[in-house]
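Following this line, the structures themselves.
Two complexes, one shared chain (chain A), two partners (chain B, chain C).
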Partner chain A sequence: MPTIAVEQIKERLKGKIPKAADVVFKELHTKEKYLEVFYIKSISDEAVLHDKLYKPFFEQQHPDEFKNYLESIPQIKSYETEEKTINEILNGVAILFYQDSVLLFDSKVDRNNSVLDTTVETTIQGPQSGFSESLPTNLGLIRKRYPEAFLNVELTTVGKISKTEVMILHDTRYADPKTLNKIKDFLSNVNIQMFQTGEQLLDAIKKSNRALFPVMLVTERPDRVAVNLATGKVILLVAGSPFAVILPTVMKDFMASMADIYQTYWVGRFLLLLRYIGFIISVCLPGLYVATTSYNPEIYRVQLALSIAGSRNAVPYPSFIEVLLMLFMMEMLTEASIRLPKAIGPTATTVGGLILGQAATEAGLVSNIMIIIVSAVAISNFVVPINAFSFSVRIVKYFILASATFFGIVGVVIGFFIFIAYLVKLDSFGEPFLTLVQSKPHKE
Partner chain B sequence: MRTIGNWRIYGLVFSAVFLLSGCGFKDIDKRLFVVSIGVDLAKNSSKKYLISLKFAIPSASKDQPNEFSIVSEKADSMSEAVRILKTKVDKEIDFSHAKVIILSEEVVKTSGNAGIYYWFPRRRDVQGIAWVAIGKPTAQDVLNVKPKSEQLPSNAIFLALGKDGSETPYIIPSLLFDFKYRLIERGIDPILPIIEAQKQIFEINSVGLFNKSHMILHLAPEETKMLNFLKSKEEKSAIKLTKGKTTVVIDTQQVKAKYKIHTPKGKDPYIKFEVSVKGRLEETNRRVTNNQLSGYEKAAEKSLNKEFEDLLVKIQKADVDPLGFGIRYRSRHFNNDDWQQWKRIYPKITFKVVTKVKITDTGLIE
Partner chain C sequence: MNRYYLYLILLNMLINVIMFVPKILIEYRYNGAVMGTLIAIPIGFSLNVLFTKAITKFPEKGFPEIFARSRKRWIINLLFGIISFAAFTAGLISLLGFVDILRRFVNPEMSFMYLLSVFLAGILLITKLSTERVMYLLEIVLFLNTPLILFIIFKAFTSDYLVWDSILEVGTHLFTKPSLKAIAAASYIFAGYTNLIIFNRIIKGKIKGWNFIMVFFLGLFNLFTTFFIPIGFHGSDGAQEYLYPWISTSDSLRLVYSPIERVIFLFLIFYMGITLMSVSVHWHLSYELIKGTYKESKKKDWAVLAVFACISVACALFFHTLLLNKITVHWMLSRFGLEIIVVGLFYIWARRQKT
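Moving on to the complex of A and B:
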């Protein structure tokens, strides 16, 4: 028969958790024994409860036999404190009251544990599946790719309301303990109410050190995570998000695609070179156009100078307004095509890109060359493989454009210098942003 | 406080950079590009020169060819002319694409034109890589020629002088920076190609040699070719030679020339030229077989030696030095009076030319 202590716990728990539609309190009876189960239906797996609990309850006659059974199955934990128990109930654990004991039965439902295809960082070859939205599945995916005893997993929670589980993974041999401490400090100081996904950390870090460039990499690829673990990086897995966060991240990580290691050596190098060229083009080209058409046309060959002059003849505005106008249109298009449903996307691009560009030239609003430049900028911007980084690059070109408008070629050069200086100044959890070779961990 | 200090420094740097921008913001369509500049002597006027600028007028669509207009002004100096020309056109005159400077024959034959010559290198917007040439009969005539193959005003001259287009040994192009260097430097004299304007085409096959201030020697086309060989600047050429009744033309693939100035003690100084020519037969009026080739090589060597020596003596007689013997001598003799020495040596120096001709094949399969 239930003791008074158990009875008290039961009453208090019932009092703490208000009667909601999905709160279940069940009593099970047989001749010999009596079991009470308390759980929240929507976050507990009732199939598990049925298989592991109800069935044995009715199959095993003897009360002690059932007690032994309960103590032997892995889902069972014993009651510790009331506060913890409430948290557990809210996470989908069922509370059992059997005889004179209170037991916690792990019946958490694991939804969204199907592995998703990669959609953001696609590669032609190599693994095609990404993370799922379930934390244990994600950890499993990483463990499978990284079967090392040195893989350390720590669990914390982030978010005042959401109390999202976050796993900190690192290889104890390679990860720098100083960096690890910095990251833990950062996580404990993050001031977010609802923590849903790792990308939010990008915003959170800006509060302390407002950086134009992301200093952590958010990825959906387990293979990228595994490779980065082996280079001593720290990985954050967030419950409910199919993205992992890799820290610390420097520029070369943002410019690397997983496809690089799935290609032959020279092809990989070529693609890397292509990306850096694209990066520089997308940063400098609008500025260079203004500088060369309005300050230093002697840089062009005479044929090009005349053809630009010819196509600009009908344009009423100075070159920098022309560039701003077109870049603005392009940004709009890019933004719009992200938001649009997949079915309408191509239409918008056609309407925007082709017709708008053509019409703008016909109307004499912009020159032909400008269209080429804007499309070159837009395309080369997407050569940068990591999205968060290419968004940042999009902003930098306006800065260089501004300095080119005021100072011509000198402005482009100085603007680019300041940009590089800024990158040099940046660091990601102690790792300089322009690091080319990841430093070895400091051995004590 | 620290941030305010920082912003002050940024502000200072920012405004300092403002000074670097050079010429101001002016859109490309508000500029009028000069493609070539012509300098003539003014006729029936109190002013000395007639300066003509050839402007390229960009066409809005690529279907129409680019037009040009020539605006001229009489003036005593280049700067004066340009200032007045600015009042005749609607857009800012931009010299940054003025790639050809044409001085008329009359101008280069008179001395006292230093003001004009040095105006070009002094201007920052006239590029150092502009070509300088002599226009015949007048510079304006040369500017007015519009060859049918030309897509862009003056492009025909650019292509010919720049050797982007036709490659011929009859043209010795001269760039502005080099022209200025040759005008100033002791021991090397300017050479300018002569562009003769005909109805719809140019003829560029001779050069004028300067003795610093003005042109004193005019070389015929064949002599120009020989001079070009000695400068080792052009390899695609043809050498015609006659041996007995057979006339053959050698298509040269490689022409190399090097020389050394010998000043043996107690003996007369001489310049030894070594020229090597490699090529194959292109045309013969009689059958020539492979084993006859060495005979033709000998004949070619003999005739080339003579032609080279004749040309060198002709240049020496005129007391000009387009190949830069003087500067070569000065670079290898470290005396204070090396220039005086060279001036004594040059008129009586002798030339020894050794030509090696190699005819690789007859061009036909036997």
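Moving on to the complex of A and C:
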């Protein structure tokens, strides 16, 4: 490259990047040679620059020798276009002007690369560590758990402003190429300004940007990612987020906990059954209560019907208001205990759960049985292992409640089946979200 | 075993209770229903086999795809229209019948329209799903409900109040001249195969012989249960007093230790799902056939569904239980005739096709 061109590039780059406090432009001199370095200090690793650049620069006397050195170390890339170079500088790459060449020296600092403990999807046994917030570290974690030559990694960016790096991982043997293409199309069409974490994609999947149910799984566990890779799923890793996105995801995945593999067969099955029962209870129970107290108390045997009616004796309003009131309190309590600092979290639950529940009954505002139902609903809701899904389920119970309020027991049953039909209608990148036997019918 | 095929047949076998089949059979119990049932079994079964054999020559194709390239459009459109109408009315009768049952036994003070609307909402949603998804949903609904019905049947057979003498007494009328109405009603049990007109789209490969054996024995058991259990409970004379013999029969059962003591509620909860699915399957068939007569257009799709809803509301205003019962008898007869014609024509047509 002629010297004039180099000078022009230098001037233009300097002009494009405003003089901020952390922008560094340095000139290094020895007797024989002369080097200029241009980088942003806060996102570049100065230790690397020092070890790999400054030291050799002063140690090697001959200019050509240093040039050879520069060309041989792996951090160096050559200059391509101005636009790319500016992007690279903003990502922490240093630009070197040496003799008549412009070189890009990869000195990106890798912060947040400590591996975090799992906090959302905890298991009793099995691996306990999750992802870190650094992309290369996360990729390394997965590669370590999945040492296969068929693991393919592609890099794209998402987000108009943030230009976040996203890695697409899949096993070339198992992943369905059609699904992969759909996912790539989807990623290139995503319209997000600031892309920070994979969860943001959950809404982007719908044209209206409003989804109720997640159709991709966001996980913090490398072991889950490795297991899913082996079943042909596609994984998205987002820079700066300790969560990976697994696509396509069906309901079975949302109901599975990693603990299932780490338990004995029958224990795993039992836990799975428990989760489905919990799912149905948390969706149907409030509606069922309204239907059976206000519409059809005769469904239960006389003793039970009487004891429910007796417990509601002091309650001065219809059952659906009672249910709404208590569910509302319960949601408040759940939300509050998430937001509160860990130290006073238990206090809130005690105050809310014990005192409010007890007092509300004694004041005759709600029935005893209602308290039991609300706690059953709350507890069984948390049995669903994936958080995003259990939040969605939390909303659905109001739909069934409304339908029970208007139509009684018929409303509960039909409402439940409409809900199931909605789940069946959903699909995740071509895979049906809910089927009884989760396999494609052509295996018949 | 092709499970999707069996689901379709099973669905029809279950829904017959709502479709007045037991009522019709019991009405003719001294006048040829027993013989009629026995005759209906081979007829229904062979129609089933013929049609299934014929249509599985066109793997993964429904009627609209099979006749897509046919030249005489108007004949095809007419045929589709007739079948579609038959399927629609099948769904309509079970829908109206079941809403009537619900109003009688579960929510007596609720208005008919009110109950109908919640069903229509669900049914139209399901009807609009793709064929494959309807099947998935059907599978889930059957999975959730079949244990319940098996339990109820088990309870019925082991009940102390089931009097076998009454059943035997009706059995002695075996050699009376069979009644056509009874034959038509009883053959409805096997009519689930007609759903293959559309649902063949998701049936892969040949349907093997022992699927038919399954169908035969299921049908036999089902007919026996449908016809004789109410007679066993209510007596050979008493059984005809009831408008819905099976609902009343389930109300005669009691679960001593269960929090839900009266079986009727379990039975009705179970049938809510089954009716929802049965009507949806019938209407899906009807909807897809109508869709096959015009080029793709979203507006027309919605128009068809709107017409479905309007007709059901209009019929709900017009029909009452007795009228519905009477019409169903005639519907059964015409359905029986239509079925024979369609299956016969299609079988001959399919044989001439070299595929």
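Definition applied: the second predicted complex is superposed on the first by the 426 of 444 C-alpha atoms of A that agree within 3 Å, B and C clash if a C-alpha of one lies under 4 Å from a C-alpha of the other, contacts with A are read in each partner's own complex, and residues count from 1 in each chain.
In the analysis below, contacts are C-beta pairs under 8 Å (C-beta built on N, C-alpha and C of every residue); 3 or more make two chains touch, one makes a residue touch a chain.
From a predicted model like this one, the values you see are computed outputs, not experimental measurements.
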| message | For A:Ala175, using the defined touch cut-off, is the partner it touches chain B, chain C, both, or neither? Pick first, second, both or neither. | response | neither
| task | Figure out whether A:Pro297 sits in contact with chain B (first) or chain C (second), or with both, or with neither. | result | first
| query | Between chain B (first) and chain C (second), which, if any, makes contact with A:Asn313: first, second, both or neither? | reply | first
| Touch check for A:Leu327: first (chain B), second (chain C), both, or neither? | neither
| request: Check whether A:Ile420 is in contact with chain B, with chain C, with both or with neither, and answer first, second, both or neither. | output: second
| First, second, both or neither for A:Leu436, with chain B first and chain C second | second
| query | Is A:Ala244 contacted by the first partner chain B, the second partner chain C, both or neither? | reply | neither
| message | Is A:Gly411 touching anything from chain B or chain C once the two structures are fitted on A? First, second, both or neither. | response | both
| message | Taking the superposition on A as described, I'd like to know which of chain B and chain C A:Leu104 touches: first, second, both or neither. | response | neither
| field | chain B/chain C common contact set on chain A | value | 295-296, 298, 302, 406-408, 410-411, 414
| said: Give the list of chain A residues in touch with chain C in this complex. | reply: 295-296, 298-302, 304, 403, 406-411, 413-415, 417-418, 420-422, 424-425, 432, 434-437, 441-442, 444
| note | Seen from chain B, its contact residues with chain A in the complex are 17-18, 20-29, 31, 33, 35, 56, 58-62, 66, 94, 96-97, 99, 125, 127, 151-152, 155, 158
| remark: The chain C residues in contact with chain A across the complex are 2-4, 102, 106-107, 110, 114-115, 118-119, 121-122, 125-126, 129, 132-133, 135-137, 139-141, 143, 202, 204-205, 258-262, 265, 269, 272-273, 276
| For the complex, which residues does chain A have touching chain B? | 293-298, 302-303, 305-315, 318-319, 405-408, 410-411, 414
